[in-house]
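Structure below; questions to follow.
Which chain is which? They are A, B, C, D and E, in the order written, and residues in each are numbered from 1.
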Amino acid sequence: MNSFMKWFHKWGSPPWFYRVSGKMLPWLTGLFVITLVYGLYAGLVLAPADYQQGDSFRIIYVHVPAAWMGMFIYMVMAAAAVVHLVWRIKIADVVLISSAPIGAAFAFIALVTGSLWGKPMWGTWWTWDARLTSELLLLFIYLGIIALHSAVEDRQSAGRATAVLTLVGVVNIPIIHYSVVWWDTLHQGTTVMRLDGPAIAPQMLWPLLSMAIAFKLYYVIVMMLSARGEILARETKSRWVRELVGGE
Amino acid sequence: MSVWQAFIELLKRDLRLAMRRRAEIANPLLFFVMVIVLFPLGVGAEPNLLERMSAGVVWVAALLAALLTLDSIFRSDFEDGTLEQLLLSAQPLSVMVLAKVVAHWLVTGLPLLLVAPLLAMLLGMKSAAMGTLMLSLLLGTPVLSLIGAIGVALTVGLRRAGVILSLLVLPLYVPVLIFGAAAVDAAASGLPVAGQLYILAAFLAMALSLAPVAAASALRISLS
Amino acid sequence: MTDLANSTVHLQADSVECSRDDRLLFENLSVEVSGGEALILEGRNGTGKTTLLRILCGLRRPDEGEVRWGGVPIEECAVDFHRHMVYVGHLDGIKRELTALENLRVLQTLSGRGRYSVEEALEAVKLGGFEDIPVHFLSAGQKRRAALARLLVTDARLWVLDEPFTSLDVHGIELVESLMDAHLSAAGALVMTSHHQVHLSAGVIKRLNLSEG
Amino acid sequence: MSVWQAFIELLKRDLRLAMRRRAEIANPLLFFVMVIVLFPLGVGAEPNLLERMSAGVVWVAALLAALLTLDSIFRSDFEDGTLEQLLLSAQPLSVMVLAKVVAHWLVTGLPLLLVAPLLAMLLGMKSAAMGTLMLSLLLGTPVLSLIGAIGVALTVGLRRAGVILSLLVLPLYVPVLIFGAAAVDAAASGLPVAGQLYILAAFLAMALSLAPVAAASALRISLS
Amino acid sequence: MTDLANSTVHLQADSVECSRDDRLLFENLSVEVSGGEALILEGRNGTGKTTLLRILCGLRRPDEGEVRWGGVPIEECAVDFHRHMVYVGHLDGIKRELTALENLRVLQTLSGRGRYSVEEALEAVKLGGFEDIPVHFLSAGQKRRAALARLLVTDARLWVLDEPFTSLDVHGIELVESLMDAHLSAAGALVMTSHHQVHLSAGVIKRLNLSEG
């Protein structure tokens, strides 16, 4: 426990975060490119066309990972919110607010690709189905978090207020995930993330997983880049930033 | 002084204030009636058209009435320093918040509930749907007050909140609106409504247990 | 009158720092006040007296440092601290639509019963006869008296007052000073700001000028 | 300092305030958009139904948006003592009142005008009716602000105005609503609309000449 | 500096009476003040000082009697009277969302240009450096200074002030007193209430205590 807390505080220290994230970025970028290229090639070229949907099913390689990311990023933010409120670790606040726009972007992509897909499948761009509604809610909650953060002038209060809002919005996540189970929806049920193994052909599954990993790497990279900028801006007065800038 | 007594005292105070408050332009009941009466005037009074809109109109009016009065939960207390005193009181803040939310509901939600059947009749709603309308409002309007309290608590200290309160609160209101109106529509068409009502009840249970705590911590942040 | 001695009255700010909009108001500031002591904050307009008071009573967190009540950081003993503390600020927390009596009754409920009943407290600040008038109709000084009456309906050991004498007439000021004296002699503690001379005859008086330093 | 300069300065101040004002929950534009977006959610999105309601919905939303923001014309100035200063100023009060009403219209009426076509399209309004919609709003919304100013001036000093403002103002608003919506409906059905528009123009001319003076003397009474 | 002597400065209340809620505040009260004179209203809280000031500047009509400016009832010469009078009350007429500069500019427009420019006035009340901060963020004393700066941007001959010293620090009080002295020496007139000693060195000082009689 003690060493856990130590690790925790180490990551919580801005200079350490700045240094380590700087070292990690090139590696992450490399991995990202590899998984992305494999996922796209395998998904768009290698995988066979669906016997029902033809080629239009290939939008799955963007839709599903993007939808997962929208939820995953929110969970990361919620965790950061808890860390920030309970242990008052500054980095958590930076992670939270740097993640929000990325999460919003993924939620938006899931919505757009979903409705593009919905037109041929269901004959409509949009219905007030529980999964669709809750996903739209997710996008609005992201926007609300961003707006609240920019509206509170005091930086300390801004971080804590957005953390509370983030935690309030968490109730929406299980609703998104279980909406297909709880309600009789148009949207199809869980096929990949099932306890009894995925109900999907392996030629389709591998590219999908690869794309999912690529999206996660993309998130980590962008989040770190924006967090680094934010940290520098916040700590302009501190010694390590001055040394950093002076040393260049 | 026990927590319960403090709860009651604060509730009584808020109700008394609501009675005395001046220029309540956003008087929820009046607003509710106004929307529902102005509608036929603007749209033209075709009975068939009106009947098909009735559930939606009543629910939208209820939602707007709640939204427009949200600010009153904490704003005036913030401006005259009472909120500071609540924060510094020896009683748990979330209980105090709950008292204020209950007061808000009693002032904005309950009266709507009482006049809703009348107005729905005016719009030509089928009497078969009346019971469901009442029940859906009974379950739904407290959720509006509870969720709203979190939004107001988060934004009460802002100097340029602008439209943020609505932005925060509306998305969370939309599901209540959709399921509420859907229940009434289903009842009017003779379909089962238990599903929608259970969902509304679940919303209420969740809001009741989480909102006061969330609003209390939001208030602490907003005031610092 | 309740017994004030059964718990130690001790508020301490340990090297607190606060800045607003990148302007440093104070740093490394340590003050303390115990039962029977009065701490008077002085300083020019805008030097941070109000800000310091709000930090001392836990409405605002200091950027650095800590405030302790009986040795415990106030965030950790919030309920106990709030039960023993009463704050009257620039904003008086009085609802203008309610009468003085109704206002006091609510405030009393929030902070626990005290030495005086609500009616006695209003009598003591010379608002007898005005109990049933909404505060809105009271004059500036009468409003202030209604706000200060709150001090009497609790048995708080620590009073935190931001310019309590504002709008009061000479008699009002004397009255409040005598209430303060009684509070100090009963081993209560007092932190206040004031731009005027404060004439206290009981207790130990400490002064802190925020303009210097 | 000339009257004209004072008019401009006050107008500029009110616009600036509107920009900075915090927690403008009754933000008229947002409210307008909200009503129009929530409607299909509550009523269900049948295109035919929506199209037939569109003129009415837009006009009711515009009326409510004006009504809900009326208070802002004088209330905050009353509460912080600015209104006293206006009364004690060396400039004619009715001109000052007109400046405040113009500011109110620029903040609440004009933006509606700009987004109305978009929202009407969303509700499926025929494009033939669009021009008439704009024109009717252009003529009608200033009347709402002008009449409203008299109402607020009469009630601003009251401590229990309660629903009085709405009761005073609504009866005068209803004709504007009826002729406005009727003009749009007529245009959608390809009927002539000049009659309704002339009537709206006459309302405007009358309100413009009478309202500032009436509101000014109402203010003097309210403040004493 | 504009010449103040070209019109007579003379405000006179002739046997005015006022009651509120059936309580008689004063009756048959006559006061007058001319150029170079200061009238200081005193009295206990709630005796009607604020009410009298509001009557004197025409915000409220007396129940009986009349107020005259240069011999003419003020209702009949409202525009002329208002051009030459400035009132700063408990409510300061300052918009909290606007900066001090923006606030003053509007107030100046309403009452006509005066001795100082808006910027100079803010400098004079020691708010230089705070011009561009919304008044909301100013401390209590700084807000009061912003309100009082209005006195300088007009060339009003009659100042009507309700407890101008509230929230001001010692330097602030001295500053305002020196502004009053300058006003009185330039043949301006002043009516004010205050619960504190007022130290004026110019002009003729009259006092009226509303508690007596």
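What we mean here is this: a contact is a pair of C-beta atoms (placed from the backbone, for glycine too) under 8 Å apart; a residue touches a chain by one contact, two chains touch by 3 or more.
All figures in this text were calculated on a predicted structure; none of them were measured in a lab.
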Worksheet, complete the sentence: Shared touching partners of chain A and chain C are B
Item to complete: Out of every possible chain pairing, name the one holding the most C-beta contact pairs.
Response: B-D
Discussion item. Among the chains here, which has the CA centroid at the largest distance from chain B's centroid?
Written reply: E
Worksheet item: Taking each chain's centre as its mean C-alpha position, how far apart are chain A and chain B in Å?
Response: 33
Discussion item. Suppose each chain is reduced to the average of its Cα coordinates; what separation in Å results between chain B and chain C?
Written reply: 37
Fill in: Whole-Å separation of chain centres (CA-atom averages), chain A against chain E
61
Item to complete: Report the inter-chain centroid distance for chain C and chain D in whole angstrom, where each centroid is the mean of the CA atoms.
Response: 46
Worksheet entry | Of all residues in chain D, the ones touching two or more other chains | 20, 22, 41, 159
Discussion item. Using the touch definition from the top, which residues of chain C touch two or more other chains?
Written reply: 61, 90, 97, 134
Practice prompt. Specify, in ascending order, the residues of chain A that touch 2 or more different other chains.
Written response: 128, 156
Discussion item. Under the definition above, what is the set of chain D residues touching chain E in their complex?
Written reply: 1, 5-6, 9-10, 13, 16-17, 20-22, 76, 79-82, 84-92, 96, 223-224
Response to the item:
Residue positions on chain D within touch of chain B in the complex are 20, 22-27, 30-31, 34-35, 38-39, 41-44, 49, 52-53, 55-57, 59-60, 63-64, 67-68, 70-71, 75, 155-156, 158-163, 165-166, 170, 174, 177-178, 181, 185
Fill in: Sites on chain C touched by chain B in the complex
57-61, 79, 82-83, 85-87, 89-98, 102, 105-113, 134
Item to complete: Using the touch definition up top, name the residues of chain B that touch chain A in the complex.
Response: 150, 154-155, 157-162, 164, 167-168, 170-172, 174-175, 178, 195, 206, 210, 214, 217-218, 221-222, 224
Worksheet item: Okay, in this complex, where on chain A does chain B touch?
Response: 85, 128, 133-134, 136-137, 140-141, 143-144, 147-148, 151-154, 156-157, 160-161, 164-165, 167-168, 171, 183
